[in-house]
Structures are given as C-alpha cells and as structure tokens.
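In the two complexes below, chain A is the common chain; its partner is chain B in one and chain C in the other.
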Partner chain A sequence: MPRRHLLLAAAVVALLALLPLSGSTYLLYLFTQVLIFVLFATSLNLLIGYAGLVSFGHAAFFAIGGYGCAILLRSYGVPLLLAMPAALVMTAVFATLIGALCVRLTSYYFSMLTLAFGQLVWAVVFKWRSMTGGDDGFLRIVSPSWIDTPASFFLFTLVLVTLAMVALWIVAHSPLGRTLMAIRENQVRAGFLGVHTRRVQLVAFIIAGTFAGLAGALFALFNRSIFPDSAWWLQSAEVLIMVVLGGMNSFFGPAVGALTLILLGRLTLELTAFWPALLAIILIATLFFFPSGIAGLLKARGRR
Partner chain B sequence: MMYATIQFLNGLSYGLSLFLVAAGLSIIFGVLRVLNFAHGTFYMLGGYVAYEAVSRLGLANGGFWVAVAVSGLVLAALAAVIERLMLRKLYERDEIYQLLFTFALVLLISDVIRGLWGTQVLSISFPPELRGAQDVGLAFYPRYRLFLCLVGGAVAIGIWFVFQRTRWGRIIRAATQDREILGALGVNVPRVYLVVFSAGAALAGIGGALAAPALALKPGMDAEIIVECFIVVIIGGLGSLWGAFIGALLIGQLRSIGLYFVPEWEIVLVYLLMVAVLVFRPWGLLGKREGA
Partner chain C sequence: MADRPTDSPIDLKVESICTFYGLSQILFDVSFTVGRGEVVALVGRNGVGKSTTMRSIAGLTPPKRGRIIWQGKDITGLPSHRICRAGIGFVPEDRRVFPDLTVWENLDVVWRPENSEWTEERIFDIFPDLAELRHRNGGHLSGGQQQMLTIARTLMTSPRLLLLDEPSEGLAPLAVERMVDRVATLKAEGLSIVLAEQNTDMVLALCERMHVMEKGVIRATLTPEEVRADETRLTRFLML
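On to the complex of A and B.
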C-alpha cells in the first residue's frame, strides 16, 4: 500500500513539474500556495498523527521561518542561499527552546503550552515594530532574479517541497516515527522499554517546527511580504484543519487536506467573510462523520 | 505609597476576575477531563450578550444587573445544548477529538460574534451605582474595580462552600476521583457532566459581563483570555481550584507591576513566571504529579 502511494506521489510531482508549460499564471500561483501548505500541514501531522500531540501553535514556527528569512534578506542583505538555511537554523533553535517546555507533561499541557507560546511569538512579532514592521507587515521582500518569475518560483518551491516531503516520509517511517507511535499508544510502556519518551517527542517537535519554518520562508518569498497574522492562532487552526480534514492517520492525508481546503477557499470566495465559521463547520463535520478524514474515506472505499 | 496601593488593587481586581474564568475551566477539566478551549470564547460572548442587554434595557434601574444575569443564563443554556447534543458523543473517543471539538467552537462562536456585533470596539458604561471613586484610606480608587474584587472574593468563597459543604459539591469531588464508581453508586453521571459544563460556562459568561465595563469588547479578546487562563492553570496546577486562585492572583499582580516597569511587554513577565514554574515545578504550585 505505501509503495503505491509513493508511486502516485512521484507521478504527481512529475505532472506538477510540467505545469509551467500551461503558461497560466493563475495555476502557477495557486499550486505554489498549495505546495507550501502541503509541506506546512505534513510537518504538523508528524506531531498530531504520529506523536498524538495536538499543537495549537504550529504557525509560530511558520512565522519565525518566514520573518527570519525575510529580515535576513532585506534588512541585512544576506543572499537567499544563506538566508534560508540560517532562518531554518533559527527556527530549529526556537523549536528546541519552546519544545523542551511543551513536552514536559501530559498532552493536555502540550496543547495549552503550544497555544500560549504561539501567541507569545505573535505578540513579539506584533510589538517589535522596528524589526518586523508590526501590524503594517514586513513588505518589499525581493527574491533573487533566478526565481522572480511565477514559473521559476513555482519550480523552486516544487523542488524544495519535494525534498522536504521525502525527508519527512523517511522520518515518519524510520524507527523515530515508530517510536513516536509507540509513545502515543502507551507512554508508560514505551518508557519501560527504555525509550526516553520526552527526548523523542522533542526531536519530533524540532523536526516539525523546522519544516514549518521552511514553509514559512517560502510563503514570505512567494507573497513578497509577511504579516503578524501568519503567527496568529487562526493560522494554526487553518493548518490543523487541513490535517484533520485530510486524515491524520495517513502520511499523505494532510497534503490532500491542504489541497482541498485551498481549492475550497478559492471556490467560495463570496463566503470568505465567514471563512472561520466555515472552517469550524468543516472541522465539526469531520470529527463527527468521518474522523479519519478524506484519506480514511478513500481507504475504506479501496477496501470494499 | 498611593501609587503602589492603586497598582496593587489593579492587580487584585484583574486577578480576581481572571479567577472567575479560570475556575470554570479548571472545574470542567477536573470533572469532564475535557480541556475547554472555548472557555475564553464563552467569556467573550458573555461580554457581548451583556452589551446587547444593556443597550436594550439601559443601565439605570438595575439594567446592568439584569444584563449580567442574562449573560449567565444564555451561556448556561448554550453550553447545556452543546454538551447534550455534541460534546457528550465524544467522551468515548480519544482526547484529541474533544480538544479539536472545543477548538472548533472557538472558531464558530467568535465568528458568529463578529457577524452579529461587527469588529469595532464596544464598551459598556459603569452602572450608575458604582460610578466614581472611593476613598480606601491610602488612595481614591474606582468603585467598580473595588466591586470586582469583592465579587471575585465572594465567588471563591462560594465555590469553596459548594464544594466542601453541599451534596452537589461532594458529588462533583467524587466525579473528579472516579466516575465509574460514582455511577455504580446510583448517581446520574451524565447529568453531573451537563450541570458542571453548564455552570462553568455560566461562570465564564458572568465573568465576561462583569469585566465588560472595565475593559473593551473586541475581536481577539477570547484568545487573550484563554491563553491567560491556560497560564493560570499551568502555574497553579491543572485541575487544582486553589492553584487556579493563586495563579490568577499572581498573574494579576505581575501584570500590574509589569505595566509600570515594562509597559507594552508586561505579558512577557507572565510568561517568564510560567516558564520558571515549568522548569522547577512542572506540575504547578498546587498540582499533583501525574503519571510518569
């Protein structure tokens, strides 16, 4: 089964690589956005699906990666090929600090603390006007010339997201991924088996945060601007709903969720004013009627 | 000295009104084992319902007090419906589903509030009986805030009385220990859950209504208050009511000290306290060590 999924994923990537031939700027922008959120949602699912830890502040790392990359690029004139890795290192450092505090106790504490630290990051971004531009946003981010057309930026995103997804797939199917699931199922027993449960969860938290940071850096470059909203809890909620809608028990589920939610957003432009309510209804419907998400529905169909 | 007195009272009134909300959160968690993310949104809705009631009834002739009561009733009824029709179906499921459900409520209710009352900042005037300042010996202090201190204190004592001295309190304490045994003893456990969830929500609604004259009603206030409540219960210890009391008072004082020394960044002090608690006493000041 997983092998078939990988083949399918490879075919999707190959098809996407042909997208610039369509010459449609609209499609290129749309799928650049989809790819960025595929990565963001999949990174969150490492925590939710594999570790059973619901983070309500994942957007914090998205924002740290985005602001980090953008500030290095514009305020300090660091070239992109240095600024991006540096932003990821910065995100990893923050993820280590925050994660070390969040994984100390039960999963309830984890959820409360991730929300609290997420809002702290938002507050710092919002108030540190001289560095981040505050609520006016951080604008006029200029990408180097080799990625400043819609097609070249799309391909750049496609390459980075594909590499990141491969890395996440390896992590999820490595002993680390299995250990996370063991801890999720029975923390005490995993501890008795000699697993240092907190350390394993922390490593997962850092990996998830860093990949969210990569998604954030791409997002800032894509929009040529970044706003404090990207760290606000609503952003965390949106990506969380992508994960749940797509299916948290499947590796590619969140990717399907990201695609579905973004397409839905585009198709219901007249409902944008009620977007949070719509998200809430989607989430409630998923929880009650198809708790394994779209991936779960597809799987049940395949089995029949 | 005068300034210090005012700062102290500011912190006290803020802390005590925070306790109203955090207490409900803590009791609901203790009994239902559900971490209610929507608690801050219940608080916010309480404020808006009071605003609506006041703008229809007027403030004079006790209109404000009717509005506070209406807020409590509306929230109790809403929470009862939510518990009975939806939340109840999720108790058997993994805790992730309960968390996500209450989180969906946050999105839904805050968006409904935005739809009904818009995004501009709203406020309620002080009720006529409590306008002006009172001489408290060292300083003059706004009457309304003194009143908030009294209410917070009275609610704390009231909760203590209900918990320690009444039959309902005993049942609730028993439910936090072992719900199966409680059911076997003939107590209608689902009804206990319904009443506790509804009462906790009413407390949050009343808290929001009472706080409305002292602060502004605006979108996003629910996120602010729920984060502070979480910090309160983390500092005090999840599930410990008196921990929540102490946590709320500490945060109140810390905020008012912070407003003086590091204005704009006072919230950072609160986080620092939380981090210190997590590092040195992760289960909270009055919490019990749980599990591994």
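On to the complex of A and C.
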C-alpha cells in the first residue's frame, strides 16, 4: 500500500513538472499556492497524526520562516540562497524554545499553550513596525531573477516542496516516527520502556516547525509580501482544517486536504460569497460522516 | 522484615519504602532484596500492594519514604525512562501493546543501539509464536500473544531485572504452562525477576522465595520448600 502511494506521488510530481507547458499563469499561481500549503499541512500532521500533539499555533513558525526570509532578503540584502537556510535555522531555534515549554504539557494544555505562543508571535509581528512593517505588512520582497517568472517560481517551489515531503516521509517512517506513534498511543508505557518521551516530542516539534517555516518562506516570496495575518490563529486553524479534512491517519491525507480546501475555496468564491459558511458545513460533515478524512474514505473504498 | 541470606550478589535492595496514591498510603515499610539471577515472588490477594511495589520500583509511583538501591546506586525518584535504561524492565499486568504498530515495530520502537544485547532474532527464538506474527498489528493479537509481546518488548530494552506483574492473569491453562516455560528460560538466561503472581503453581515452579503481602506490608517470607512441606503456611495468608 505505501509503495503504491509513493508511485502515485512520484507520478503527481512528474505531472506537475509539466504544468508550465500549459502556459496558464492562473494554474501556475494556483498550484504554487497548493504546493506551499501541502507542505505546511503535512508538517503539522507530523505533530497531530504521528505524535498526537494538536497544535493550535503552527502558523507561528510559518510566519517566522516567512518574515525571517523576507527581512533578511530586503532589509539586509542577504542573497536568497543564504537567507532561506538562515530563516529555517531561525525557525528551528524558535521551535526549540517554544517546543521545549509546550511538550512539558499534554493534551488540551499543550494545545492552549501553542495557541498562546502563536498569538505572542503575532503580537510581536504586529507591534514591531520598524522591523516587520506591522499592520501594513512587509512589502516589495524581490526574488532573484532566476525565480522571477510564474513558471520558474512554480518549479522552484515544486523542487523544494518535493524534497521537503521526501524528508518528512522518511522521518514519519523512521524509528522516530514509530516512537512518536508509540508515545501517542501510550505515553506512560513508552516512558518506562526507556523512551525519553518529551525529548522525542520536542524533536518532532522542531522538525514540524522548521518545515512550516520553509512553507512560510516560500509563501512570502510567492506573494512578494507577508502580513501579520500569517501568524494569526485563523491561519493555524485553516491548516488544521486541511489536516482534518484530508485525514490525519495518513501521510498524504493533509496534502489531499490542502488541495481540496484551496480548490473548493477558489471555485466557491466565483459562485458564492458564502465560502466561510460552506467551509463550516464541510467541516461538520467531515467530522460526522468521515472522521478519518478524505484519505480515510479513499482507503475504505479501496478495501471494499 | 528479615531477608534470607543468599549466595549471589544483591542487585536490588528495596529499603522500607512507603508509597502513597494521593493521601492514601498503599505501602508501609516494604523491604526486600533480589540477588543476581534470582526469582523473587510477591504473593497475596488483589489490592495488597504487589502492583504498587512494582510501580514504585519502576518509577511510576515513586515512594515518599524509603530507598530503592539498584546495583549500588540510589534510583529512588528517577524518571521511569532512566530507571528503564539503568536495566530494570517493567511488564505491567494490563499488557497494553501499541495496537497500531506491528509486532516487529512494537519491538523495534524500544530498541536502542547502545543497549543492543537483545535483538529481534533472539527474542523470536524464545517466543517463536511472535516470529510468525511479526507483521501483524499488536491490536490484532490474542491475550496470550499480547502478554508474550509485552514481555518481549520489555526484553528489547536489555533489562537485568524484570518486574513481571501477574503474567498469567486471564490466560488459558495451556498458555499459563507456556508462560512458566518462557519465564524459566529467561531465568536461565541470567535475568533477575520480581514476579507478582496469584497462580501458586507458577510461583512454586519458579521462585527462590516469596514474600506474602497483606494490606501494604510484607507479612511473611517463605521458600518453595517450606510451602511444599506445609501448604497451609501459604494458604493461611491467602485465605484470610
């Protein structure tokens, strides 16, 4: 089963690589956005699906990565190939600090603490006008010429997201991923079997945060601007909905969720102004009728 | 409580531990020792403190007073993962395996390279039934198989001392026999074992001595020979 998934994923990547041939700027923009959120949602699912840690503040790392990369590029004139890794290191450092405090608590308390830290990051971004531009956003981010066209930026995103997804897949299927699942299923038991549960959860938190930071950096470059909204709790909620909708029990579920949510958002925006209401209905229907998400639904179909 | 002198070096020394759940005291000055390679049984009815004694040693409910000395080092109050890494493996009675992981993954997840005395292959030699089930999810095993897997999983942490809490509970008679065999094999491998058990036959077959517990204290210490000579010495305590 997993091997089939990997082949399918490879085919999807190959197909996407052909997308620039379509010549449609709209499609390129749309799928660049989808790819960024595929990575963002998958990174969150390492915490939710594998570690059983429901974070309500994952957007904090998206924003730190985004602002970090943007500020280094524009305010300090650091070249992209340095700015991006530096932004990721910065995100990892923040994820370590925030994560070390959050994993000391479990279940609801963990979630509330991540929410609080998320809002704290938002507040800093919002208030620190001289550095971040505050409410006006951080604008005029200039990408180097080699990723300046929609097609080249799309391919750049495709390559980075594919590499990141491969890395996350390896993590999820490594001993670390299995240990996370063991802790999720029974933290006390994993403890007296010799697992330093908090440390393992912290490592997962750092990895998830860093990959969210990469998604954020791509997002800032893609929009050539970044706003405090990207750290706001609604951003965390949106990516959480992608994970739930797509299915948190499957590695590629959140990717499917991201694709579905973005496409649905686009389609309904053209037809109706009631997207938020529709989103609410979709979410309620998901939770009641197929709690394991679209991926769970597909899996059940496949078994039949 | 006086302990019998033994020839082998003492690995575990439990010194007058008092353990509480919240405000209620469960253990009152429980003391005993385990020599290297010995099997020491804790017997008694339900609720006398056998499991709490084990949980205290494993670091899950640390004692408020008293000390636990393991191979000369005071391990009282250490977090459970450190106690495990020091060489004490706990197999609780609820035999909860990780249900979404396969048998092999259940074993692999606790394996650490610096502590690689046991491998899956060696485990499968002792528990051949598990070898056939290695790709089955833990949640899909029978009760006896899950019990074997919890013991096997604890072995993967390379313990020198096993705390076995009611390994025969809820098992069919045939499975109990098999369990006695496996525990005897582990004893022959040189492991020290603390065995909490209600099945008298299993205790008599395996242990060097047994501590009879009642209301959180050790009431008596008996050897299998003493019990075989006069069974009422044991039943007197268990029937109370």
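One rule holds for everything that comes next: the second predicted complex is superposed on the first by the 293 of 304 C-alpha atoms of A that agree within 3 Å, B and C clash if a C-alpha of one lies under 4 Å from a C-alpha of the other, contacts with A are read in each partner's own complex, and residues count from 1 in each chain.
Just so it is clear, contacts are C-beta pairs under 8 Å (C-beta built on N, C-alpha and C of every residue); 3 or more make two chains touch, one makes a residue touch a chain.
Predicted, not measured: the structure shown is a model, and the values here were computed from it.
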Field: Partner chain in contact with A:280 - chain B first, chain C second, else both or neither
entry: first
Chain B versus chain C as contact partner of A:115, first or second or both or neither: first
Task: Could you look at A:178 and tell me whether it touches chain B, chain C, both or neither (first, second, both, neither)?
output: second
Message: I'd like to know which partner A:8 touches here: chain B for first, chain C for second, both or neither.
response: neither
Query: Can A:196 be said to touch chain B (first), chain C (second), both, or neither?
result: second
- prompt: Touching A:188, do we find chain B (first), chain C (second), both, or neither?
  reply: both
Message: With both complexes overlaid on chain A, does A:105 touch chain B (first), chain C (second), both or neither?
response: first
Message: For A:271, using the defined touch cut-off, is the partner it touches chain B, chain C, both, or neither? Pick first, second, both or neither.
response: neither
- prompt: When the two structures are overlaid on chain A, which partner does A:288 contact: first (chain B), second (chain C), both, or neither?
  reply: first
Message: Quick check on my understanding: which residues of chain A belong to both its chain B contact set and its chain C contact set?
response: 188, 191, 197
Message: Under the stated contact criterion, what part of chain C meets chain A in this complex?
response: 58-60, 79-81, 83-85, 89-90, 92, 96, 98-101, 105-106, 108-112, 115, 153-154, 157
Task: Within their complex, state which residues of chain B touch chain A.
output: 29, 35, 37, 86, 89-90, 93-97, 99-101, 103-108, 110-112, 115, 223-224, 226-227, 230-231, 233-234, 238, 264-265, 267-268, 271, 274-275, 278-279, 282-283, 290-292
Partner chain B, residues of chain A touching it in the complex: 48, 52, 54, 56, 101, 104-109, 111-113, 115-116, 119-120, 123, 127, 187-188, 191, 197, 232-234, 237, 240, 244, 248, 274, 276-277, 279-281, 283-284, 287-288, 291
- prompt: In the complex formed with chain C, which residues of chain A make contact?
  reply: 175, 178-179, 181-182, 185-186, 188-197
